[in-house]
Structure formats: C-alpha cells, structure tokens
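In the two complexes that follow, subunit A is the common piece, with subunit B as its partner first and subunit C second.
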Partner chain A sequence: MTFLRFALRRLAEMAATLLAASFLIFGAMYLAPGNPASFLLSGRSASPEAFRAINAQYHLNDPFWQQYLRWLGQVLRGDFGRSIEYRTPVSTLLASRLPSTLLLVAMALALVVVIGLALGWTGAVRGGATDSTILVATTFAVGTPSFVAAVLLQGLFSVKLGWFPSSGTGSGPASMLWHLTLPALALAHYLIGMLARVTRSAMLEVMGHEHVTVARSRGVPERAVIRRHVFRNTLGTVLTMGGLIVSTLLICTVLVETAFSVNGVGQLLDLSTTTKDFPVVQAISLIIVAIFMIVNFLVDLLLPLVDPRVTLGTRGGAV
Partner chain B sequence: MTTPAETTLDMRGLRLHLPGAARPVLAGIDLTVAERETVALVGESGSGKSLTSRSVLRLLPPGATTEGVIAVQGEDVLAMNAKRLRHLRTHTAAMIFQDPRAAINPLRRVGDFLTESLRLNADLSDDTAAERAARMLDAVGLGERVLGQYPGQLSGGMLQRVMIASALMGDPALILADEPTTALDVTTQAEVVGLLDDLRERFGTGLLFVTHDLGLAAAISDRVYVMYAGRIAETGPAQAMFERPRHPYTAALLRSTPRLATPQGRLAAIKGQPPSLREELTGCPFAARCAFTTPVCTEELPPHVPVRSEPTRLVACHHSDELADQLAESALHD
Partner chain C sequence: MTIALVRRPGLARIRTRGSWLYLLCLGFLAVVVLLALLAPWLSPHDPNAVDLGNALAGPSAAHPLGVDGSGRDTASRLITGARTSLLGPLGVVLFSTVAGVIVGTAAGWRGGWLDSLLSRTTELVFAFPGLLLAILIVSIYGEGLIAPVIALGMAYLPYVSRLTRSLVLAERERPFVEAYQVQGHSGLQICLRHVLPNIAPVVLAQSTVNFGYALIDLAGLSFLGLGVPALTPDWGRMVFDGESAIQAGYPLCAILPCAAIVLTVVAFNVVGERWADRVARRDR
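Showing the complex of A and B:
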C-alpha cells in the first residue's frame, strides 16, 4: 500500500471515529443529571424570566439533535463556544492552561521513556539480584494509583524534606519545572513500571533468538550485541506501547493536576465536570480523543521504519 | 602452546561438563583440521557434534565447564581473554549456521550484517568494509544490490550465501559449518556445498563440516570423524572409512542411510536410543545398541587404537579387528 493511500484511509477512519466520539461526548453530558443553568445561578433562587433567559442564551431548551448539530458546526469552524463558568471563550481558557499540562505531560513522558527503558534494559542484561530488585520496584510502581503516589510524594518531598513545593504551578520556566517535578513523578511512575517490564521481557525474548548468539560468534562486542541486536529488535514493541503511554498520561493528568493543584487542562476538566460546564468538558474530551488518535497514527507511520517486515497498514510480525 | 604450523585446528582431550548431567557431554575429543583440509564430523542428533564445533569459538552453553585444549593456529581458545576471543571470532575462525533465516537479524540490512564485526572492532573503515563485503558477495555469486536489502527479501539459499560471505569477511583460517545445508532444499544444498568447497580451495581455509548426512560427508571431506555419545567412535580418510567401516556404529549408520541404488526394502534403523545424559557410562557407549556386544564391551571403555595397516585410521572398539570383514560386508550389503 502506498503511503498516500494509507494516510488517506487512516484520515477518513479518524474523522469517522472523531464524529462518533463527539456524539458520545455530547450525549453523555446531555444525559448526565443536573442543569448548567442552576450551576450558573449557583443555588440562588432566580426569577423564571432569568432562568428562561439563560436557557435561551445557551440554547438549553432546544431538542438534543439541534444542540448537537449546532455545537458540531461550531467545533468544525474551530469554535468550542464559551465557558458557562468563566464566561470566556473555551479556546482562550484552554490556551492559558495548556502550557502547564503540556510541560507536565512532556516531563512525565521523558521520565517514562528514559527511566522505563533504562530499568528494563538493566534488568534484562544484568539479571540476578539487580533484576529481582527492579522487578519488585516496578511491581510497586505499577500497583500504586497515581493519587496515592501523589500523597506519598507530597508527604516525603514537600512536607518532610521540603525539596519541592506540594502544590501550584509556578511562573517562568525554571519555577514551572521545579513545581511540576513531583506531579510528573506521580504521573509517570505507573508507566515507568509498565515500560520497564515490557522492555525487560521483550529483551529477554530476543536474547533467546539465534541471531544474537550468531552476532556474538562473529566477534561483535557484547555491548553492541545488546544494543544492535537485542534492544534494537524490541523497538517495535516499545513504539506500539507509545500510543498507550501517551493516552494514559493524558487521562491520569486529570487526577494528578487536581492532587497537586496544577492549573492545567486536566484540573480544568475536573472542575468543569463538577460545575456542569458543558462546552469546556466537551472541548477537552474531544481534544483528548483527537490526540490519542493522532499518536496512534504516528505510531503506525513509524512502525515500518523500525521493523522492515511491517508494511504500512499491517501490524504484527515484529519479533 | 605451540603446534605444527600446518594444523589450523588442534583439539586435544576436550571434555565438556554441563550442570545436571551425570557424565561429560563431550568426553575427550581429539580432532584436527589441517590447512585447506575438509574434515567432516558425523553423528546422530545429540552426539555432541554441534557442541564440538561451537566450542571452537567458545560458544558454550551456560554453566558449561571444560577441560583440554582447543588450539586454533596454535592459540588455546579456552584460555583466551575477551579481546583475543573477539579477534579469533572476527579474523581466525568463522561459523556458518544451520538456519540462515534464524541466524541473521531480520531488522538489519545485509550490508550491516556483513560488515558489523569488522567495523565495530575498529579493524576496517566503513568504506573498506563495504568494499570487502561487495567482493565477498561477488565470490558467493550475489550482486552488490543485496547489501541494501533486508534478510526478509532474500530466499533461504541466498541467505545462506550471505552467511558464507560473512564467514569469509575476516579472511579466516578455519570455517566451521554446522549443518549448513539442513535447512535448505535439495538443489540449493548442492549449490551451497559446491560453493563451500570452491571457496575453501580459493581462500585456503580449513573446513570443519558438521553433518548427519553420511553421503554428503563422504562427498565433500578428506577425513571423517564419527561421533557417538560425546566420543569419537572412529576416524580416518573418508573413502576408506565408508568402504570398510571398523566400528559397528559406523557400519550401522551406513546401513541406515537411504540409497537410490537399492530403494526396495525397509530402512535399517539403529535399534534403541543414544544413552541419556542422566546415566553414567561404563564401557563402550554403543554397547547397549550394538549387535556384537560381549561382556568386555560393557565393562571397559575401548581406547582409540590405530587400525592395522592403516595408521591414519583410529577406532574405539574392542572387537574392531575380528569384526572387520563382517562390518565391511554389512555396510556394503544393504
């Protein structure tokens, strides 16, 4: 299959999936109990006129499909509407909160890739007590939910040692990095454990292949054998996990940002869900779905580069 | 350790123990390959023939312990440090494996496979290595185009040629071929064997050819070693040995080889199984399956003795002399 045909087919698939997701997201908010108007009035008793005015302003009285199509039309033009809670355009709101989330996810991703691969590599190559220690540590990492990790990290590094702030985002790059270190760790630890285990078992599997013995028999130095013939051959598996890693980061960032009071998109999603801020929740959910699909699309594009036996449009065959 | 200059491989008293085995897997192997000589190592599965050839590159199973000497061009492989060992594997001895599809990393290009050990050991620049790779590919009848291809794009026969080219890359003195044709179809087999023989002549390397195929061994080799249960049962010039085997095991192997000339009748399989590694052996390892066993066979290990009037042949059988005619007869007969 040519690249162009593959890309076109995947783009069409993605558009269809996004459409279905948009319907589900909109429908879920519509079905959820509670009325945004009452949140807007925040418990104050309002005159029926005021209530009607609000409902009319946000088109809350229209039939479901009309609301959905109006929203979809706006989204397609790049307009996510106005936040009910903050009374500003959703896009402005997102733009102001995106940097901290992006930085947080990027830091966590870097931690996952660097530490996860290093631990998996070390466990597979060293074996013995080192391997057992890493296995135990990653078991704990995988078994600890991120909100528990958040509390533990805050307790140890903020309250006890006072090395890092326990909450907030900070301003300026250096301060943000400092503020987001603990959140990034809380976000990354589960995926570090996952990636370490996947890398370890994939490397051990490849080590049993004959071509690795053959490489040694040909005088290839041991480090090069591990790098060029063992680790290299696990890249397909690691890359396939990349899609899963990014989507998990995006979802868990909601919990972590809330736990550390990071003013990012995840925290906004959490707040907006409790206040029934429809437009914001819908916009963020849709963006998360879109990012997830884009990442998987990129993985599919990169896979043939990593494994020549995989051609565009097919997965599997990677050993 | 010095050996006569013309001996490329000189294995003396090689014993190899594996953890959990009741007896050594290799129990004192003496084997030599001279310059430009082709030597076949023949035996059933599990006789230790692959292990013997692999130990020349010190490719030992985990936990294996060894005794004896494996001198390659006078230097003991078992005593080498890591650097010398890499030098041995890159430049002095090279192995051709049974299944090229499994032996070559499917994710790296053929050019990379051919040149990597020379480049990574900083012995050759990238360009010189690539040039040599192209020449070696030419020698095995493949074009330069193959350099940029992935193993998945080549047939099994072509891949085995790549494997042979890679063995020649470091200009080795010794090539170890571990059943190099078993995974190939019959027509490709003949090509690969012909090619190996041709290249051995052209590049002046010694060849240790490990096979279970007696016909192939007879066709290609100057001398043959027949292995059974980790010991050499019999050795000598190929033709003489297969015409007049002096060990009952060699005769039985010959009898169980299918022949086109006499296709009628059942194949004579050797009764019983080779001895398990879990049992200790006293006496001759073949005694339990041998048709000529006497009490001495189960009590005493037969030493390797020269065959009378044929000093280049050695046989480890108590009854070799008295059975000579009978064995020759039986090997020819069926």
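Showing the complex of A and C:
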C-alpha cells in the first residue's frame, strides 16, 4: 500500500471516530434530566423570554439530527456558540485564554520529553543504585496526582522559599515563563515518570538483542552502541505514547491551572463545569478529543519513518 | 535415583528478593482499609465539628495530627475521608472489571462483526481521558459521587476489555477448549467455568493498578469541588481546603492528605504490578 493511500485511509478513520465523538458530546446534553432549555439555563433566568431566546438560539424546537448537523456545521467553521454565563462567543473566550495554556502545555511537554528520556536512558545504561533510585522516584512520580504536586510545590517553592509566585499568569513572556514554571512541573511529573519507565524497559529489552552484542564485539564505542543501536530502536515505542502524553497534559491543566489560578483554558473548564455553562464544556471537550486523535494520526504517519520495521498501519513491536 | 524436591510454592514466592516492599504496601493497604471500615469507632472527634477559635492549631493531646483552617480535627477527617476516597475507586474498578470482562470475552470469543464493533467503540472511548469524561458527566448531572464513578468506570472499561479480549483469544486456541466443545459443552459454559478462572489473575492485577488511577481521578474531581458533596470528608477535598492553610504557613493539614493519597496509590501500583509479575512468571 502506498503511503498516500494509507494516510488517506487513516484520515477517513479519524474523521469517522471524530464524528462519533462529536455526536456523543453533543448528545450528552439530552442525557440531562428535564428539557434541554431548562438544562442550558440551569436556574439562571427562568423567565419566558429567556426560554424563548435559548430555544431560538439553539433551535431546540427542531428535530435532534437537525440541531446536531447545524451545531457540527458551526463547529467546523470555528463557531462554538455562545457562553451562557459570560454571554460572549465561546471562541472569543477560548482565544483569550489560549496563550497561557499553550505555553504551559509546551513547557510541560518539553520537560516530559527531555527529563523523561534522560531518566529512562540513565536508568537503563547505568543500572545498579542509580537505576534503583530512578525506579523509586518514578514510582512516586506516577503515584502523585498533579494537584497534589501543585499544592506541595506551591508550599515549598513559593510560600516557604519564595522563589516562584504562588499564583497568577504574569504579563510579558519572561514573567509568564517565571509564573508557569511550577505549574509546568506539576503538570509534567507524572508523564516524566511514565515516559522514563517506558524508555527504560524498552532500552533494556533492546540491549538484550543480538545486534547490540554484535556491535559491541565489532568494537563500536559503547556510547555509539547505546545511541545508534539501542536508543534509536526505542523511539518508535516512545512515539506511540504521543497521543496519550498530549491528552493527559491537556486534561490535567484543569487541576493545575485551578491550583495555581492560571487564567487558561483548564481553569475555564473548571469554572464552566461549576456554573453549568455547557457550550463551553462542550467546546473544550471536543477540542481535547480532536487533538488526541490528530496527534495519534500524525504518530501513525511518522512511525514508519522513525522505525522502518513498522509496516504501514501496524503498530508492530511498539505497544 | 530421583530426589523429590518438595517446596511449598506459596512460602517460596513470598520469600523472594525485594518482597519486603510488596509486604509493606500490602500491610499499608490493610491498615487503610481497616481504618475506613472502622472509621466511626476510631475517629477521635466528629470530622465536621468546626472550632474556629482553634483554627490551624498544631498537634496536641486532643488533636494528635492538628486541625485545619476551620478547626476540624485532621486525624478524624483523614480516617473518615478514607471511606469516600476508597469507595469511589472501588465502584469504578468493580464496574469496569465486570463490564470489561463481559465485553472483552464476547469480543474475543465470538469475533466477527461483534469484535470489530466493540474495538471501534473501544477506540472511541480511548479518545476521552477519564477525567474529561467525568467532568462532562458532572457538568450535566451536577456534583455527586455516582455519576463520576460511572463515567470513570466507562473510561477504564476499554483497558480491561482490551486485555480480556487478547487473553481470551489466546485461551481459545488451547486444546482443552476443543476437548470440551467435542464433549458438547456450550460456549458460555466453557467461558464461565474454564476460561474466566484462567484469565482472572491477570485481569485482577490490571484492576488493582486501575484502582490507584481511579483514586487519583476521583480525588482530583473532589479537589475541583466537583466530586463528593462539600461537607463529606474526602482526601482530595482536604488537599483543596489545605491550600489556603499552606498559604498561611501551616502546611500540616495539607501535607497529610497528600501523603495519604500518594502512599495509597503507590501501594496499589506496587501490589498490582507484583501480582502481574507473579502471574507472568507462572505462565512461563
């Protein structure tokens, strides 16, 4: 199968799954007790005018599938409807909060990739006491929820030592970086532990293969053996975690941004869940799910390039 | 001449190297479960008794672990909070294990259209992180414990069903299945009496690890104020309440629930992985 045909097939599959996900997220509104209009208003204003307005705005008198298709068409054009709490378009609301969340997730992602791979590498290569220490550290990293890490980091580094601000986002690039350092650490530690463990066990497995022994017996320097013959072989495994890493980072921003009062999309998700601002929850859910699927799609396309043993469409070897 | 080497496998397994950590974790979990079960008799004070005059006081004879920002006894809240903090994940694990085993066995045993339909659905559910699904449900049904538990149960179901499916596929190829089929046993009978007992240890090990993750998700939800009702003592909620105490420079009532969460999750992970290792070794 050619690469293009494979890419198109995966794209179609992704579109189908995304369509199903959007149907679930839209239809969820109808799981609510009572009729959709009173659910959307949720005790805000129960005046007949408000009901008429919400009915007109969401076309709630139309058949269900018409409402869904209209909503889907709007979403495809970047229109997620209006927030009920703030009475502004959801897309405007998201756009104003996007920069801090993007920076936070990017910082956390960088930490995860750099520290996670380095720890996994060191553990696998050094062995002994270093490996045991890393293993214990990653066990605790994986067992610590991000909000617990957030509260503990806040207590130690901003209240006790005063090195970092305890809340807020800051203005200007340098100040934002400084404000978001602790949140990024709280967001990243779990995935650092996860990635380190996966990298470590993948590298240890490859080290037992015959081609590594052959390379060593040919007199290839140990550093080159590890880099070219061991580490490169584990990249495919690491890459398959891409979707999981990104979606975990995105959803955990809701905890970390709330703990550090960062005015990002995660905090908005918490606020709108509390105030039952459903159009906002809908939009954020759909975006997180879509990003997960897009990253997985890209990983599937990249995998054969990174690891030629993987034939198109089979995530062979890498679990 | 043959020498019969008789070993008691049960004891030999426990004596293997590195098992002190496993035993420690198992012991810790036993203590936590006991505390949760006996909470009403063990907690020294009413966990919700507010004493604002005594707020943020340190450990004393009356309050061995100090009090929080509203003067509530931390020890009592930890012990009573163990109940909700363990009951929620238990519900998630029970739901996801029972439903996941049914779905996975059906997919693996029957195959065909049922299998492809179920794997498509699995893929769809994988796209929703557990916490997102729980938040979505809470935004519809409002705060509470039951709706998030069901949502998380749905989110964890694919992990169990995928594992079960692959195990059932492997079991189906084994000769004993054909032997029973020749004898006229029905598929359901073979699954219930022979396949399920064979795959149970692996699934249980996975569910034990899932327990820890479900605890993290539910504690996070109550940290956001979206899980258990506000007055119910819960470890995640205690971390939230403790945040302001930390800002005021009294970290004890925040650190203790943090430690309770982390130690419990780590203990569940260690025990679950240990079981998985042991099962893998027996299979080899």
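Note that the second predicted complex is superposed on the first by the 276 of 319 C-alpha atoms of A that agree within 3 Å, B and C clash if a C-alpha of one lies under 4 Å from a C-alpha of the other, contacts with A are read in each partner's own complex, and residues count from 1 in each chain.
The working rule: a residue touches a chain if its C-beta (ideal position, glycine included) is under 8 Å from a C-beta of that chain, and two chains touch if they have at least 3 such contacts.
Worth saying up front: this structure is predicted, and the values here are computed from it rather than measured.
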Subunit A: partner with more touched residues, subunit B or subunit C: C
Partner chain in contact with A:Leu119 - subunit B first, subunit C second, else both or neither: neither
Touching partner for A:Leu182 - first (subunit B), second (subunit C), both, neither: neither
Which of subunit B and subunit C A:Ser146 touches, first, second, both or neither: second
First, second, both or neither for A:Thr213, with subunit B first and subunit C second: first
Subunit A partner contacts - residues on subunit C that touch it in the complex: 120, 123-124, 127-129, 131-132, 135-142, 212, 216, 219-220, 223-226, 236, 239, 242-243, 246-247, 249, 251, 254-255, 258, 261-262, 265-266, 269-270
Interface residues, subunit A side, partner subunit C - complex: 17, 20-21, 24-25, 28-29, 31-33, 39, 139-140, 142-148, 151-152, 154-155, 159, 166, 247-248, 250-252, 254-255, 258-259, 269-270, 272-274, 276, 278, 281, 285, 288-289, 292-293
Interfacial residue positions of subunit A with respect to subunit B in the complex: 209-211, 213-221, 224, 228-229, 232-233, 306-309, 319
Subunit B - residues contacting subunit A, complex: 54, 57, 59, 85-91, 94-95, 97, 99, 102-108, 116-117, 120-121, 150, 152, 166, 170
